[in-house]
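Shown below is the structure under consideration.
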Amino acid sequence: MTEILSREQVAWRLAQDIGDGSYVNLGIGMPEIVANYIPDGREIVFHSENGILGMGPEPAAIEIEYDLINAGKKPVTILPGGAFFHHADSFGMIRGGHIDICVLGAFQVSAKGDLANWSTGGPDAVPSVGGAMDLALGAQRVLVMTDHNTKNGDFKIVEECTYPPTGLGVVGTVCTDIAVIDISADGPVVREKVSGLSFDDLQSRTGARLLGVESCGELKVPVLD
Amino acid sequence: MTEILSREQVAWRLAQDIGDGSYVNLGIGMPEIVANYIPDGREIVFHSENGILGMGPEPAAIEIEYDLINAGKKPVTILPGGAFFHHADSFGMIRGGHIDICVLGAFQVSAKGDLANWSTGGPDAVPSVGGAMDLALGAQRVLVMTDHNTKNGDFKIVEECTYPPTGLGVVGTVCTDIAVIDISADGPVVREKVSGLSFDDLQSRTGARLLGVESCGELKVPVLD
Amino acid sequence: MIDKTIETLAEAVSLIKDGAVILVSGFGESGNPTELTHALIDHGPRELTLVNNNAGNGHVGLAALLEAGLVSKMICSYPRSSHSEVFNTMYREGRIELEVVPQGTLAERIRAAGAGIGGFYTRTTIGTSLAEGKERRIYRGEEFVLEDPLHADFALVKADLADRWGNLTYRMAARNFGPIMCTAANTTIVQARKIVDLGDIPPEQVVTPGIYVDRVVEVTNPISEREMIAKDIRYIGGEGP
Amino acid sequence: MIDKTIETLAEAVSLIKDGAVILVSGFGESGNPTELTHALIDHGPRELTLVNNNAGNGHVGLAALLEAGLVSKMICSYPRSSHSEVFNTMYREGRIELEVVPQGTLAERIRAAGAGIGGFYTRTTIGTSLAEGKERRIYRGEEFVLEDPLHADFALVKADLADRWGNLTYRMAARNFGPIMCTAANTTIVQARKIVDLGDIPPEQVVTPGIYVDRVVEVTNPISEREMIAKDIRYIGGEGP
């Protein structure tokens, strides 16, 4: 039987790849929970686009400061060693390649690492790009956190993105609910897949040809509440 | 007999043209003494390229701080309301047109307001531009403070600069030891000249055709120590 | 003597005319000059172009300004939010023009305007629809697009401390767009929580030097847009809230 | 755990190799990382390119580095000064290359490198010999020249306070080029007057966030280049001064 990871387990798995001392930006939404699963002993500095380094967890209700919110507009805290700066400095930091890792959600990731995560291109949508393009292009390494398939079972890892791209060739690794896939120069390489899932099964759920059949390992995560 | 202004008197005359509340950058050297002659009751904010607004006068010897120097590398003070900022911010302030008045020295000023003040173009000179070009182009109004002629009696106000230009069409007014001359779209207009000097005499000491024979007034300055 | 302090919000915004381009500080509900924005509604200039990261939330501040029919164009990075129904409706009905700019490019365009930069190259938007029609440059093997500075007639900015020279500090992450917006407008109008004596802000701690600021009005207890939105309070003009 | 503090000056500069491009903070005699510069002389890499506003004074710091024969090129705005005889002589004898950049363009090129900007347009140098051969742009009727970012391998920077994350403050006008240089180098090496505990620098007062800093060494009583020059003291390498 195929084990499917919960969102928390995907976040946990992704967090294992964030090394001690990294400067990390967590995208709005699902990526934010990655902060909860950083392994003990690793000191990570979280960046928020609205001008924060050293961002800490959500405060207790009584300590909420509305002048201290993250890019997702949620109340946060600041840790000792943190800093505030203005928006041009904050995006200079991103664009200038100073952020080690950015974790983003995705509508689609292509075999070449193209990312589509800002617009479904629908005629009725209010176009809203925010900082997605800056982050996708600027971060040293983009980690994508996503379900492997859409709710309808459509591919999210595809040969070519059909949704409008956010950036081309930017994705380093995709962590899904069934696999960890690195985007190499040759295409997507499966690093790990969940137990009970054959490589062929994984391929059948993926819209791009996968490499790594020989080398891939097992995607193991702890039980999380 | 023609009265010739001392440097202090030229500085005094120039200072009268600096309105209350102006943001002013004084070039290195002779222009620096303009700060001593700001009329009472006018509050002027002095800018220094190395990241100071609200710069105050030279300190007493015992209070000298070598971390607090002006663009000419001389010890200065900072007034209440002053601010420090980095070099990119300081030159953004200049280039962005936020400095109201810049007072500069000159080798030559042309009839069209071209300024030459950074290099005599000599083959042996070590080329050194500093902030001169940024200031000449960025300040809202450039006031030039200079002797009317060189020590050899050569013209400094000329039809065309023969020295390498610092900026084209940038000079607003020239204050010399014998006249105050505004650079208009039609050419240099004499606003004031010292008593005892005829317009023709002034013209003979000037390398560009002067306007304002009808309207020019007398350049009056107090006796200064 | 330099004294940039102004007694009333109404006087502070009184110079703003029809057709003005206005930078409005804030990100989400932090750093918004809500009281200045409400004073602008009362003042009532029309056909405004507004620049903000977002496009207003609930029925207060920027959203109330939109709802009052005074705004013909928004320049922003992220108009859509959970409380942006005013903008969404106007946009769908074709009653407001939208220019979407990536957040970092928006910030850099504002900074460029303040710093006298006549355009800059960024990799952001390369390979996307937002780069269409833009000039390109290859530098060290990488492709960049040319972006223009974004100048404005006015900036409305919320600060924490201010003095009579216009020196400003900001509180925590409410700093966001404030410092760069102050530099990019012909006239910068600030609401500060507290006006302090000249010299009370140490010179190393000044974030916006007064040279960038024209008018400062004290708003001691600024209202929280977040609380107003949560309580579904609408700004109806005139006396409040 | 993040700990960017380094015990010795020698270790701090030990990675710098022949041919490196190095940003050196300071303006005149304020904000110069003199101790780091002297440690670099002892370390002895050759064919360096240095970026500083000036080109060294007297026979200490930058001037001593030039005099030691380790530098093949200077990029600066104002090499000439009353005490720049070391540079002047080397330049006249053709022993050092010089790139003169207007001070504001120099600062903006460094900032651009740090902020991922692939070139920018400035009016500075228009109409002058320094604009020759540069790409132009007309924007709103005004002419601008294109300038490239100025990236470096290393930055040597003097700060006032630092913490183990590399957050920095600067003292008075010694700030000058420090904050932008920290952003533009692959490896930023800082000498700070005092290393303080994490959290001792309030987050609103951090001038350089630690993300830009790689190594910090404490130099409690930094020597004054001005005093050394006045006393005509020469740095002779090894033990001092």
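To keep things simple, chains are lettered A, B, C and D as they appear, and every chain counts its residues starting from 1.
Everything below uses one rule, namely that a residue touches a chain if its C-beta (ideal position, glycine included) is under 8 Å from a C-beta of that chain, and two chains touch if they have at least 3 such contacts.
The structure displayed is predicted, hence computed values, not measured ones.
Participant: Enumerate, in label order, the chains that touch chain A and chain D alike.
Facilitator: Looking at chain D and chain A together, the chains touching each of them are C.
Participant: If you tally the C-beta contacts for B-C and for A-C, which one comes out higher?
Facilitator: A-C
Participant: What is the distance in Å between the mean C-alpha positions of chain B and chain C?
Facilitator: From the centre of chain B to the centre of chain C is 37 Å.
Participant: When the centre of a chain is set as the mean of its C-alpha atoms, what distance in Å lies between chain A and chain B?
Facilitator: 57
Participant: In whole angstrom, what separates the CA-based centres of chain B and chain D?
Facilitator: Inter-chain centre distance comes to 30 Å.
Participant: At least two other chains touched by the same residue of chain D: list those residues.
Facilitator: Those would be 108, 111, 115-117, 122-123, 170-172, 175, 203-204, 207.
Participant: Going by the contact rule already set, what residues in chain B reach two or more other chains?
Facilitator: Residues 78, 84-85, 88, 91-92, 94-95, 138 of chain B each touch two or more of the other chains.
Participant: When you draw the chains as points and link the ones that touch, which shape shows up: line, ring, star, complete, or other?
Facilitator: Basically it's none of the tidy shapes, so other.
Participant: Among the chains present, which pairs are found to touch?
Facilitator: A-C, A-D, B-C, B-D, C-D
Participant: Show which residues of chain B lie in contact with chain D when the two form their complex.
Facilitator: Contact set of chain B toward chain D: 48-52, 65-69, 73, 78, 84-88, 90-92, 94-95, 114, 124-134, 137-138, 164-168.
Participant: Which residues of chain C touch chain A in the complex?
Facilitator: Spelled out, the residues of chain C in touch with chain A are 27-31, 53, 77-81, 84, 87-88, 91-92, 98, 100-105, 107-108, 110-111, 122-130, 170-180, 207, 224, 226.
Participant: So in the complex, the part of chain C that touches chain D is made up of which residues?
Facilitator: Going by the criterion above, the answer is residues 108, 112, 115-123, 137, 139-140, 142, 144, 148-149, 169-172, 175, 203-205, 207.
Participant: Under the touch definition given earlier, write down the residues of chain A that touch chain D in their complex.
Facilitator: It is residues 20-21, 23, 41, 43, 45, 47, 53-54, 78-85, 88, 91-99, 138 of chain A that touch chain D.
Participant: Give the list of chain C residues in touch with chain B in this complex.
Facilitator: 1-2, 111, 113-117, 163-165, 167, 183, 197-199, 203-204, 206, 209-212
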